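What follows is a group of structures, each given as structure tokens.
Across the two complexes that follow, chain A remains constant while its partner is chain B and subsequently chain C.
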Partner chain A sequence: MPFDQAFKISSILLAIIAFSGLVFAQSVPFWIAIPTAIILIVTLCDAGGIALVRRAMAQVTVSPTIWNVLLIGAFVIFLIDLTAVSQDLLPAGIHFLVMLLGIKLLTLQQRCDYRHLYAISLMAILASAALTTDAWYLPIFLLYLLGAVWTLLLYHLTQETTEASAVITPTSMAAGHATFLGRITQRFFWLTNGIAVMTVGLTLAIFFVIPRIGAGVLQKTHGEALRTTGFSDRVDLGTIGSVKQDPQIVMRVELPDQPTVAKDRLHLRGLAYDQYNGRSWSHSGTRRRSLSLVAEGVFLARPAGSRLPDSLSVPIRQDILLETLDTPVLFAAPFAELVSGDFLAVQIDGMSGLHLPLSPSSRARYSVTSQVPQLVAGDQAAMVLAYPDSIRSRYLQVPVESQQVADLAHRVVQQVSTPFRQTLAIQQHLLDNYRYSLEADTATLNHPLDEFLFVRKTGYCEHYATAMVMMLRTIGIPARLVTGFLATEWNEFGGYFTVRQRDAHAWVEVYFPQSGWITMDPTPSVSAAAGTSRWESIRRFGESFRLQWDRLFVRYSGKDQLAVVHEVREGSDALRERVSSWISALSAPIGHVLTRLARMSRIVQPGVLECITGVVVVGLALLLLMLRDRIGLWASMHLSIAPSQHAIVQLYARMLRTLEKKGLSKLPAVTAAEFARQVERKWGAAGPVVADVTALYHQGRFSRVPLLPKELSRAAEQVGRLQSLLRATH
Partner chain B sequence: MSSVHTIRAIQDNIELVIKGKTHVIEMAVVCLLARGHLLLEDVPGVGKTTLAHSLARSLDCSFKRIQFTSDLLPSDIVGVSMFNRQKQGFEFIPGPIFANVVLADEINRTTPKTQSSLLEAMSEAQISVDNQTHPLEQPFMVIATQNPAEYHGTFPLPESQLDRFLMRLSIGYPSLEEERKVLDRPHSLHPAEALEAVLTAHEVLALQARVDRVHMEESLTDYLLAIVQATRQSELLSLGVSTRGALALSKAAKALAVVRGRDYCLPDDIKELAPIVLSHRVMLNRTHGMRTQSFEQAERMVLDIVETVSVPV
Partner chain C sequence: MRVVLNLHASSVFSSLRGLSRRRSIRLTPEGTRFLLFTFGIGLAAINTGNNLFYLLLAMMLSLIVISGLLSEHCLRRLEIRRHVPDLIMANEPTTLTLSVSNRHRHLPSFSLRVLDVVEGQDVDRGLAIHLLPAQSSILLSYPLLATKRGWIRFEGIRAQTLFPFGLFLKKGFYATEAHLLVSPPIKPLALRFMDELVSEGQGESLSRRGHGTQLYNLRLYQPGDDSRSIHWMTTARTSQLIVRETEEEDQRRILIVLSIVAPDESEPLFERSVTFVASLLWQLTERTYPVRLIVGREDSGLGSGSAHLFAMLRLLALCERHPPETNEINHGGEYLSLPHETDRGYTVAVVPWSEQAASTSAIQADRVLHAAQLEELTHAF
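Entry: the complex of A and B
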């Protein structure tokens, strides 16, 4: 493909990528998006050389006045949008930006139009960064970088080509030159993509290295919190059923210290309830106390010094990413020992439920180390268990009208001797004789439990759990109802449980004097075993990718950075020294700038990601601009599109351009040496420089021996010197 | 001694005799290195003969001078077969052409028949007499002089013969300052006779071989051909440059590159040489009011044409 065409196509593709970024961010209403998309497709077809479109486009010529009128129209729309429709600068600005994009695409003629297009694309991609924290931004951004690298390179190369050909004025030697004024060769293709990959690498490096200004200014500030049920002071029987179909993700739970097996189910405990009035559950002791802070962000859930009754308990560490919920409850496997997270305070209620002081306004990430109590042998075998009074008074309460339930319970356990076996018998009874169904809507019934146990015999977790608690209590075994989530969906790609709304669950905790509260679940397992089909695993892979995106980019904070630095420091002594010296060398000035920036950011509230993205993209663009000569030099030296002489010819052409600005232009029939003498006469200061470049040009252009890289860079230096000479004279 | 220094040495040597004509001397050396023949055309008394003489003197080669007159016969130049009684057979007595440097003085004073006897010698570097071919010694260079001012009793050289000269040079009057230096010199001795040879025949051959190795980049060949094309298409000329002319320009350009110490050609070489290498090979268009073809006119025409051809970048 010739450079010219490739350049046009890549420019338009860049615009398309930026535009799709905005569309994905759902910030472009359809009345702008559809025309713009049509314009994009048409211009792309035009640039792609589709004859039909090309002919049609060639026939449409519109005078500049109309474009100006259109521009003014777009601005008027923007003003109306700003004042009446969106009434906000960001959406109105984006609408205006998209309109500008459309207008600019239709008027792509000169090179400055293309530069405007790039500016608009850059703003669009920055705007979409400001609007989203979702993972789809990553591919868009990577595509944008790739497109940007291609476009900048092609822009540069086509510029060189047009300028060089203007100097050559090909007559009879046109055929000889047309060959090196480029096409996209395979080598060029891979090299450009290589540069793009390097750019991405550089961006990532900068992203991870540049100190954070603050964490998560934009973390999901818009969008509603997920509505949950079952985690308030009172739970009506049958409410959980309403969310059992909802696949929304509530949290993701990683088990970092566990072996990767046995990831079938994990109970994530929310709140426990001890009082049942026949229709709903509630707490009796709602008094909460704050957990003691043992380190910054680390809370000790167990009163200091106390020990669990037995050492049989198994510690489980969970790293939990909790979506924004409308409840301040923190979920964890029973029973939390240590909670660490970016919280000011964590509270615990009388039944080991963890609470935040307020519902979190954004996603929360926290780790919990839990000790899962195991039933000790003594409790298992004991014929009679002696319960403390505090337990007896609280966890044996039954509503008055439950005689029928008590009869059932006694019937079930009459053959069974020990309390533990009785518990198991009741659980088994419920598992065997009742059918799981989400259709049992009992919320409106007066006696939902009786209905479940004796009439419908179908229900779901709340019914099962409530039934078990009630039956246990009627035979004198303390028990309570627990709500939370039952994690069953193991994501093998990311190594974590995905927990959804529909995993909301209720189960039972049974008290044993030596072991403590033991989790029992009378609900038959209904998890339709997350599919193993390929589609399912792709979906799970995408899920885990989103988690990584969130972890690595959206929520990548100064703390994570420090953690990385710590790891690096621990890794190697040499590296540690270097890193620490860098940090100490950089931290003072950067910190100074950053505190100032942070102060500013508090006023205008820019996000972290888009700040950094913006800085990186702009910086790269500037870098490319500054390294134009070097890149051109490098490209012409290394790309197969040009013979080795091309580099010096380009430099010479650049020198001619520079001299033209001084009013010294070379006529086509004037040879380089003659021109050098002319320059010497008219602009003595530049004489030696021009003579040197001319000599190098002669040698590089016409001799058999190509110039050494050293000589080429000397020529480049000389041209640079000439440019600064020119600047000095202005 | 490097080639640059060797060449510099000849030029310096000749400049001892001919003052202030650096460019002409350089071109004469170019002609020598390009294995070409030189036509010096100028009014009498500006140093044509002296130039030829001192060039010959600077080389450690044989040098013969032939004064062309109207009664000069071809055999006076190439030699003659004579019957040798002792050997009882014809014996070839070589003429003055059998030398490394031959000065054909006032070449237009002799008849075309005699002039054309030089043709074979100049183009093939050999002489055929009585079905016998006698190769000429290398290096071989003819330096011819002619006087454009006189027309009486002259026979202008035919185009075919002009084409065989690599370049036509005019020396021109020296500047006042230079002329004064000439006058200040002692006249007793012909200065060219005092010169010492600085270059052997072998060294000249080596330099000529070096010229063949000079690199002419593709675009320069195109440039050269573009110039040649332009002379053929120009309205100012009725006869353009032949292929031999193009070849001559290419050779001369390469030789100039060697003289200037390069092993590759530049556009400047071609551009600089075009007038002196091409101007005697073209014919001016008479409809443009130019009755007679003068040296300067032709050179100016070629120069004008060269200025219309773009230089490769």
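Entry: the complex of A and C
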């Protein structure tokens, strides 16, 4: 493909990529998006050389005046958009930018037009960066970078080819190289892509290294918060059901300290409710206290100086990435001990619910260390539990018309004696006798709990949890309703729970004097979205990718840079320690020997050590002298012989084979000279011949003087003579 | 110690100076716009703290860094050699050749533009190399028109590239110092003047071989000799092919003496006189006369042929005019340093300027060409 054509195509593709970014960011209304997309496709076809489009484009001639009028029109639309329609600079600016893109695509003539197109594309990709934090931006960005490298390179090369060049006389160029100039060759293709790959690598390196400074002078956040239900001060029974089909992701929860724990389910506590009026739950106390700041961004949830409840508690740390929600509630496993995040303040209510002062305007990443209380043996076995008055007064409230519920509760627990077993019995009753269904809409009913317990006997988590709380309270066991999320979707690729809107859940916390509030869930588990198909795997992989994208790119901060530096420093320290330990491990035996030698040197008289060393050196030299013959023999046997020695060795071997036919075999223990003498004694006629060949063999094989060609030919003649003698004797 | 430190500092500074001389970088208009966009995106990233803006900023910065790296790669391991002739004529176009080699083992160089560095200035000869594969070389030739006689000093070659994105113009200096000698131009002389000169020089002949009748020498036949010149008698006597060489009949020795004393206002005439002498030497060499040139104190000696002509042209190329008041060459009003030889041959003295008081008749030359005659002879130059 010629450079010119490739240049046009890459320029338009760059514009397409930038435009796609805006479209994915849902910032372009269809009445602008569709015409712009058509213009992009048409100009791409035109640049690609499709004859039909090219002919049609050639026939359409529009005067510059009309283009100027169109530009002015676009600006007028922008002003109207800014003042009346969008009433915001960013969306109005994006609409204007897209209109400019369309007009510029239709007027691509001069090189300055292409430069304007690149500027518009850059502004478009910048605008889409401002509008989104989603993971789709990464492939768009990478494609844009690839396109930018191609376009910039071709822009430069096409400019160069159009300039006048001097007379060039290639002397050693291969013929193929001449075609490099002006055309996209395979080599050029891979070279450009290689540059793009280099640029990507360098971009990532710079991105992670560049200091993060956020002045925030004109900062403005965009994006709509996710609407949640069940986390307000008053929750009507049945409201959670409206979101139980919503697959939107609310948060992602990692458990960094429990990598091998079975990730089946995790209750993420939001708010607790203590007052039920028969139709809705509410708080009795709305006072919140600010958590004490123990370090920068670290808040202590437990009041300073207080001690843990007298129970066995399991610490669990969660790293949570919370999407932008319309509630200031922070979610965490019960019960939060330490909260760390980029927050100015964190508050806690009377029922251990965590709150931010305001709803976060963007995604929030925070870590929570929770102490999950476990039921102690004393509470399990106690026949009667003595509850504090503060608990009794607050968590035993029931609506006045709950006699039917109380009867049911008493019926269920009549066979069991201890409060703990009664709790279990009620939970089991609900699990066994009621059917989970999201179709049970009770929000409009006057007595939704009675409807659930006695009429429909179908419901969802709110009904189950409310029923259990009410039944427990009617038999004198303090309990409260908790709303939050039940995380069940474990992403094995990313190692985290994906929590969606449909995971909104309600459960029960039962109070035990020694153990504290114990989580109990009477709702039967529903395996709704536990897909195992390949599509599910791909989806979970995508989820994991999005989380990594968010962590590494969207949420990457100066703190992360410091953490990386710290880790690198720690890693280098560890490496240095390891290397030094290796060196010390290696040097220990040597040092030991040297120490012993030094000690010996101190013990023996001065000068004796030198004598010993001298004796050892002289002894080694003598040993080498004595063994030199054996070393030479070993070398002659084992080391490869030089090519020049091959001929005499082969001739000698041929002589030995000839003598064998005569019955004269050379034993391995017999040297060549001894064998020659043996031959002389036994076969006198062949004696001189064999002696001569043996002498030549000695010279050629073992001396440093190589045989001359005439000596080799003499050896060959002697071997031939020996064969003649052999034939003569036969 | 202080001396050592000073030495170290001076060596560091000199190496830095050398580095800055070898490499320089300049922003192109596109590069300026690119940097402005980068600056804008950087501001947006700092203002908003948006990491995706930082990502775009990193992309822009990486494109800048890649530009620098690739342009450096294009200029590194280039080996440039210059091939210049020994002598060229002024006002006559000459072809100079550059050999550019890429000594890189694997990677080619792209988009190179090669400039001459003459007297500290980059001179664009329009030499461009779009692609120079690894381990290969290319010959670039360009015409050079020297307008003045004397030395032209080529300090080196500057190679520059806009590769890969055209954002920066990176230049590299390659020290390939070369000197090119430019002789005065050769101009046609008036035929009448040449005829007069030749006829006046009769009698100043020198025995030498040539086309004539007098025997000059006998020698062995060599391939290419004219068979008519075989001396058959000697050939028969010696049984070897012997040819006879004859003496050139019309052979005269000519000495040309150029006065280099002239005031500033006579500079044009002096230059024209130098051109005249060069043209005269050319004509005489064409006619195979043994010629000798004396310029100031420089003496070419007697000789003929093209090699001798070039030696004489070198003298003319390098001769410098001396103003009369600073003339230290010829004391006592002498304009010429004529040899005191009796057999110096026919002598032509070229005196572009002489004092009014001094008489050119005092010059011991067969023919003296003074300013007025030179004006007449060289007015067409």
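The definition used in the following text is that the second predicted complex is superposed on the first by the 382 of 730 C-alpha atoms of A that agree within 3 Å, B and C clash if a C-alpha of one lies under 4 Å from a C-alpha of the other, contacts with A are read in each partner's own complex, and residues count from 1 in each chain.
We adopt the following convention: a residue touches a chain if its C-beta (ideal position, glycine included) is under 8 Å from a C-beta of that chain, and two chains touch if they have at least 3 such contacts.
Because the structure is a prediction, the values reported are computed rather than measured.
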Partner chain in contact with A:Pro357 - chain B first, chain C second, else both or neither: neither
Touching partner for A:Pro256 - first (chain B), second (chain C), both, neither: neither
Touched partner set for A:Ala669, first chain B, second chain C, both or neither: first
Chain B versus chain C as contact partner of A:Gly73, first or second or both or neither: neither
Partner chain in contact with A:Leu145 - chain B first, chain C second, else both or neither: second
Touching partner for A:Gly619 - first (chain B), second (chain C), both, neither: neither
Partner chain in contact with A:Leu202 - chain B first, chain C second, else both or neither: second
Which partner reaches more residues of chain A (counting touched residues only), chain B or chain C: C
Touching partner for A:Pro35 - first (chain B), second (chain C), both, neither: neither
Contacts on chain A seen with chain B and repeated with chain C across the two complexes: 164, 167-169, 171-173, 177
Contact footprint of chain A on chain C as seen in their complex: 30, 33, 37, 41, 44, 46-59, 61-63, 65-66, 70, 99, 111, 125-131, 133, 136-142, 162-167
Chain C-facing residues of chain A, complex: 115, 119, 122, 125-126, 129-130, 132-133, 137, 141, 145, 148-149, 152-153, 155-157, 159-161, 163-174, 177, 180-181, 195, 198-199, 202-207, 210, 212-219, 553-556
Chain A contact footprint on chain B (complex, rising order): 215, 217-220, 222-223, 225-226, 229, 262-268, 271, 306-313
Partner chain B, residues of chain A touching it in the complex: 164, 167-169, 171-173, 176-177, 649, 652-653, 668-674, 698-699, 701-704
